[in-house]
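Dropping the structures in below, format is structure tokens.
Both complexes shown next keep chain A, but they swap its partner, so chain B is in the first and chain C is in the second.
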Partner chain A sequence: MTNPPAIQALIADFNELPIKERLDLLLEFSDNLPKLPARYADHPDLLERVEECQAPVYLFVEIDDAKHVQLFFSAPPEAPTTRGFASVLHEALNGLPAQEILDVDANFPDELGLTAAVSPLRMNGMRAMLARIKRQTREKLA
Partner chain B sequence: MSVPFDPSESLREYAHPEALVTTEWLAQNLGTKGLVVLESDEDVLLYQTGHIPTAVKIDWFTELNDDTLRDYLDGTDFAALLSSKGINRDDTVVIYGDKSNWWASYALWVFKLFGHEDVRLLNGGREKWIAEGRELTREIPEVEVTNYPVIERHDSQIRAFRDDVMKHFGNPLIDVRSPQEYTGERTHMPDYPEEGALRGGHIPTAASVPWARAANEDKTFKSLADLQQIYLEEAGLKPGDDVIAYCRIGERSSHTWFVLKYLLGFYSVRNYDGSWTEWGSSVAVPIVKGPERGAVPVIKR
Partner chain C sequence: MKLEQLTPIPGLIGMDGPEGLRDYFAGTFWTAPSFLLNVVANKAGQFTGATGSSRDISNELDYQALIGFRKAADGILTTAHTARIEQYRRSRYAPLALVSRSGDFSGIPAVEIDTAGPIDSKVYLLVTRGQLRSVKARYTSPWIQVVSIGSGSTFRLSFALTRIGWRKILVEAGPTFSSYLISRSVIRGIALSITDAGESSPLEAAAAALQNLGVVTATLESADRVEGTLFTRWTDIHPQRRS
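Moving on, here comes the complex of A and B:
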């Protein structure tokens, strides 16, 4: 399975840093998670809760007429790691054709080189978000 | 060099007021020689988003656990870790963190396994400091590396292993997990699916007292009278009891361990860190399902 260039670039960006600095990069992502547009900010009920994450994290997948995917996330500032994971997924996947999202390797979060910095257990949250993005994409394509 | 205790009136009622400091005291004492402030959070990035000035980060997951053994770090690694954080053996260490000091208590308990004398919690933790609008910074302090001595870890006083729990029956146990975990409806915490056990339920005779009952809305510890109501009146502990607390992996129960030991003053309190992930998956150990505590089991082997 070959990952799209945006994912390969992210994997390279994280892995070329010493472990401690990978956290700094994750913090940058966390700080820069795009805000929800008003149509979701005003309607949190439209979003899906990611139950596997310890913090209250929500996401929503939209597919446009050209079958490209737009991703929306909401996570509180008290959960910066989760926000960081959401932001990395946004960077990696937003705007891709739906089929490419379905084809993304479900284990790519493990390749970011973050496991040693954040612990394997915490990485579960990111894989869970990715799984839910794929599931929503599949449902909305059908 | 240790720093004088916080004389605040609000702490005096506890058995060991010297184990806590208030946010006011910490704000006034930041930068004092001999004081090291540590932040210990559930979220590994939270410290980086802003922390109490001069505070150094400690991570329970990546720094306090052994990589390959299900155990805490040994004396050599603890010495290296504390030296790297600029801590001397006789320093006063104040730990604080998120989620009502849940992970700060865990770090404090590990420090106590190595007998570090003066470790205190910031009452109310990170949330209270922020709620009061106190200063936060993203500046990582420069640490002057110290030479912390290698101390052999001493498990027997405050840590219980599975076999210790087997021998403990007849003495009180406190289960600090959620009611659903206690009854066996759930085998893991709602948000931690991989920290489950094969069976659901609780250790026979254990009383259910979810850990967070010991904390107020503002994340400080409840008053002595409230704690006595919960642990003595409701759970049935008696002064002088030998108590073991447990949860899922031993972190929530460190919070309760702190309450029993330092606030209520029980002399003999141990944390069973193997907790439900071990007990609930172990062969030939008894469990109880449902809301009743259950009887002292007959151990066959």
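Moving on, here comes the complex of A and C:
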């Protein structure tokens, strides 16, 4: 399974740094998670909670007429690692064709080189976000 | 010289010449560590004039504001393209960071000419990992430091500047790069000057320029006017969704 160029670039961006700096880069992502537009910020009930994350993380998938995916996340600043994961997924996947999202390697979070620095529970949270993005995409394509 | 505060609290402030104006902008426009975009536009929302340079529409007052921002900044970020067009020199107020995907920094005085500004004012050349080796070999002046921004993503760009130690980053780029940074949610504040605003409404004069930068909504924090030049500050920037 070949990941899209944006994901390959992300994997390279993390892996060329020492482990400590990979975490710093993750915090950079955390600081730059796009805000929710008003239609979701005012109606958080529309978003799906990612139960596998300890922090309250929510996401929603939209598919436009051209079958490209738009992603929306809500994750609290008090959980910067989890918020960083959400931002990484947004950077990697937002705007891709739906089929490319479905084809993304489910284990790509492990390739970011963060497993030595982040607890398995948290990595599991990122995989769960990806799984829910794929599931929502699949459901909305049907 | 008098500065007329239009919002949030109307009033008049006497300015002690250009130095007073600089200090006002250095002290009041930048209250949090982040990327501040400084843009000059005319009331039609255009960022350049006949020659394609922002100097066509710039004036002495917005230049003084720019100096104020530079004094308050940890560093100045722009593109090699803008630095070449605007013939950037090294600033005595803050170091420069120039970003280029091609790794071409030729024709930029700050990079190539030892008399173009203080020799101890650093110029950081930000390049993608593929360009790193060749740019390091090409640019060896003592004021130059070549820095990798990996794939060139805004996250790696921001990360590189953080590692340099910059927290307050003044972005002086042209509309293309500025719009790109806005679309990626990097820009946290916009200082927008309208040099020919006259007595027009601040919102009307600034709306076209913000729209041209890809801003959907933003919060007007303040608007000041000095001799027909309008200075506005915007936060809570919401860009157009990118696909």
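Of note:
The criterion applied here is as follows: the second predicted complex is superposed on the first by the 142 of 142 C-alpha atoms of A that agree within 3 Å, B and C clash if a C-alpha of one lies under 4 Å from a C-alpha of the other, contacts with A are read in each partner's own complex, and residues count from 1 in each chain.
Just so we're on the same page, a residue touches a chain if its C-beta (ideal position, glycine included) is under 8 Å from a C-beta of that chain, and two chains touch if they have at least 3 such contacts.
Here the structure is a predicted model, which means the values were calculated and not measured.
Look at chain A after the overlay: chain B and chain C fit there side by side. Note on the composite model: angle chain B-chain A-chain C, taken at the C-alpha centres, equals 100°, rounded to the nearest 10.
Of the two partner chains, both chain B and chain C are touched by A:D24. Looking at the shared chain after the overlay, A:P34 reaches chain C, while chain B stays out of its contact range.
In the superposed pair of complexes, A:E100 makes contact with neither chain B nor chain C.
In the superposition on chain A, A:A12 makes contact with chain C only, not with chain B.
When the two structures are aligned on the shared chain, A:Q70 is found in touch with chain C, with no touch to chain B.
Look at A:V118: by the touch rule set out above, it reaches chain B but stays clear of chain C. Once both structures are overlaid on their shared chain A, chain B and chain C have a minimum Cα-Cα separation of 10 Å. Across the two superposed structures, the residue set of chain A contacted by chain B and also by chain C is 24, 31. Interface residues of chain A facing chain B in the complex, by the touch rule stated above, are 23-24, 26-27, 30-31, 51-55, 77-82, 84, 116-119, 121-122, 124.
Listing the residues of chain B that touch chain A in their complex gives 42-46, 48-49, 61-62, 98, 190-195.
Contact residues of chain A toward chain C in the complex are 9-10, 12-13, 16, 21, 24-25, 28-29, 31-32, 34-35, 37, 64, 68, 70, 91, 94-95. Of all the residues in chain C, the ones that touch chain A in their complex are 129, 148, 150-151, 153-156, 158-159, 162-163, 184-186, 238, 241-243.
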